[in-house]
């Protein structure tokens, strides 16, 4: 089955196509002009990312970051389309006891260092990443400084 | 001669800051490269979690010394989005003008660095001479040269001072003439051209995939500018062009930056002509309602993005900064591979390194 | 709007002159600078013009300061500390002391100062021999010949005002934000009245309790209050909160 | 026995039977001779006062001692002149570059002239450091030879027909030979420092040296062919009699100036010390006064390059249509400074070029041009036009 290639999909197209293809694994959380917010299950992330890159033509991963909500962690992807300025905000929730997620670095080369940074600061392991090593902090660091459990000296 | 690894940095004239580029050379030809950063990592994002919203603005200035205006603007923008306040129109125009002043002076700083990278100190000093005017404008507008601390959540710090428009117009007019003098040293110079053309070639698809943004990306033929395609402030009301060049080499990236300086002058001119009267600042609430917000903006060096998670208190729960250089420098292996040792400054110079925002 | 450089550049024939145009340009510059003075200035001997509102080190107008501590709280680098000084005129008072070594000259202290006692001075040469020399006590902070220009004003507009179409009523937090009392929590300890730096809180008797003791409640003088939040922070029962006006 | 006061008579040095330079008057020798007559005469007089009628006094002012010490003093005089000329050239470079870049350049002393002395004093006070794992012998010898050969070749340049150290028949060749020792030693210096930047810089120096000395030698050959001699005096005399070689050999002049710029390692050809990518190239590990002397020797080499250009193409110390007895040294130095100004101007205008480009220019452009120049000379010579 060959899928149609969308050079500059509209907000509605993105919502409909993703909903049609992935069903319940992806929850659409709303949209604004040029923004689509969605949240995906961990299992379908790589497939979804490939779909967004290849079919919907989101050529760049603007940023990959993590947020520590204490009850769980969330990995947030911001994906940009260069033809109409659209941006997808994709969140993936991870349970605290299983901090692994598929790496999107093979799809978007730009996500490479973002994932390394997220790994070293939050301890989230990206499976399939070409080189998951510490980037900003020294190589012998033992802890993950951006987690909420890591308190700064002056923090109250 | 067998292959050897040469470590360029962290104290190296080409690196413009503290970072290392390890290159494997076979004679003069580069086989492999690996950038190493992190010497300046100070946990900026973590520090913000312990500061109130207004206190972060001067900190955002310190992300990059030569793009301080756009960084603090971006922070204010994401905070405004979170607080759901709209900036008064006059403040929007002032912000646009301030951003473009910042863009010109940042590009001039880049041009200066590019000159020394290629061994010509004259370009450096001439570009810095013109940059001084824009820094003087910064002094006049907000009282500081580099760390401006000018945008505020809900507007700008102060209105334009007396006779600022006049000075601005004079500087812009004179600068456009003087820039051609520098171009005579670069474009009209066969040696400069031979150093820049054909080195660090990246195709459009690769550039988009590697996450190059800003002039580096537009020099490779990606026709995208956040100012036009995801407009903020009043950029969509002004008539200007996005500089795009299909060359994909160092010279293409150079051309895009030069054109952007001219376009910035035009934006400033139009913004001053169109500027309405009115208030410049809205009182911002202290606490921010819960939610996640994202804002992006065209930094002089690329697309900068901030992701804010607020939890209803007066301090951000998490503030993520997407620095354009952080991603651009990750592509340096692809850029310098196959080039020569002498091409490294010519290629990495067009990335316009700034380590403050890379390591954060 | 056309490209100014990218369109013009392909028609630029001077680049076929190899390097001659560059040589001509630099030679012009030599001739020019031999005639006029170079643009660089000889820094320690001559200095660049800077406006009065240049953001150098913070300054203090001692008599205007009420010691409210807003500057201490807004300072992003926590370089301001409120210290007690024995003043000849005012007696024991609390005034800010600035560690200029940590100061990043953001000008927030002057901007948020409700009485405009903090100013930004155009002084930027701050080298000292010791770190202690960089800690400016309230008297050192004074700046000779300070003027109106050195004050930083916060011309904020209320969003509600703008929606109503009022655009000429600049306010700031110290003018509109006022503490509000949660009557049920108040125990009438009158700490807020003691703490208030401007004497805007007055304890008034509102009734008697079961034992015949008077019940006191704070009353705020809206005109005097500067919204410094000192009463809010000192309150042991969290009965006070700052009510923001937007 | 003449009275002692008669010893200081400023006798003509050419009357000394041991005079070295034949029938040619030598100005620095004369100066040295007169200085020794003052100095030695004073010592002899003092000795004579203390011990009247002693032989040492007579020996001190005798022909043999006078000649020997006059030669020593002459070398000192020549070096001092070279040194002062170099300081002036450094000052000119910094001043012109400053004006070109819209800044003030040197500030110390009258018109900033003494800045170089200040810088020299500063580098002199630095510690002497040898890298731990460097090859110490190579490290020290290479830099000594670079500095020594540069100073020697600068001293070999005659300032006029009467201001020279030695008047060789093959003077031009000897100067060229000494001039091209340094790039070879740069390779040794780069290798011995145990530093990768220095090694790459040394390699570049070797590549550059080979590609630039060939066209330069061809130009030398065509100049010598046209003048019919390698003797500097004769080359200059031939130009004075006929025409400055810059007119028939304009191609050769351009080729020579480019090659000489490369030989003196100045921008745009300062690849061995390309500071953007190689930190300081082959000089990376040299610090303190070693570095200061390397910098000084760079200017000595720049001076030699310009002086060779002035000798070979601009008629040396002669002026056309003007009586050439008018201070020939000054005329010569003015020509040198004119050429040096062009070098400085180039430095302020151009970028550094790349390694492969420098080889391309050397082999593919300059060498054919130099051969073309030689061809032109041969045609002129065969046609009897010159």
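Chains here go by letter, A, B, C and D, matching the order in which they are written, and residues are numbered from 1 within each.
Basically, contacts are C-beta pairs under 8 Å (C-beta built on N, C-alpha and C of every residue); 3 or more make two chains touch, one makes a residue touch a chain.
Being a predicted model, the structure only gives us computed values, none of them experimental.
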Chain closest to the middle [Cα centroid of all protein chains]: B
Chain whose mean Cα position lies farthest from subunit C: D
Between the pairs B-C and A-B, the one where more C-beta pairs touch: B-C
Between subunit C and subunit A, distance of the C-alpha-averaged centres to the nearest whole Å: 40
Subunit B and subunit C, separation of their C-alpha mean positions in angstrom: 28
Whole-Å gap between the CA centroids of subunit A and subunit B: 25
CA centroid of subunit A to CA centroid of subunit D, Å: 67
In subunit C, residues with contacts to at least two other chains: 19, 22, 25-26, 29, 39
Residues of subunit B touching at least two other chains: 122, 129, 185, 189, 191
Every chain pair in contact, whichever chains are involved: A-B, B-C, B-D, C-D
Partner subunit C, residues of subunit B touching it in the complex: 51, 54-59, 61-62, 85, 88, 122, 129, 132, 139-140, 142-144, 147, 149, 154-155, 157-159, 161, 176, 181, 183-185, 187-191, 193, 239-241, 243, 245, 255, 258-259, 262-263, 266, 278-283, 285-286
Subunit D contact footprint on subunit C (complex, rising order): 19, 22-23, 25-27, 29-30, 33-34, 38-40, 42
Contact set on subunit C toward subunit B in their complex: 1-6, 9, 12, 14-15, 17-19, 21-22, 24-26, 29, 39, 50-51, 53-55, 74-76, 104-108, 111, 120, 152-159, 162, 167, 170-173, 176, 242, 244-246
Residue ranges of subunit B in contact with subunit D within the complex: 1, 4, 6, 8, 12-14, 25, 27-28, 115-122, 124-126, 129, 185, 189, 191-192, 194-195, 340-345
Subunit B-touching residues of subunit A, taken from the complex the two chains share: 34-35, 59-63, 65, 67-68, 76, 78, 80, 82-85, 87, 89, 108-114, 117, 135-138, 145-146, 150, 152, 154-155
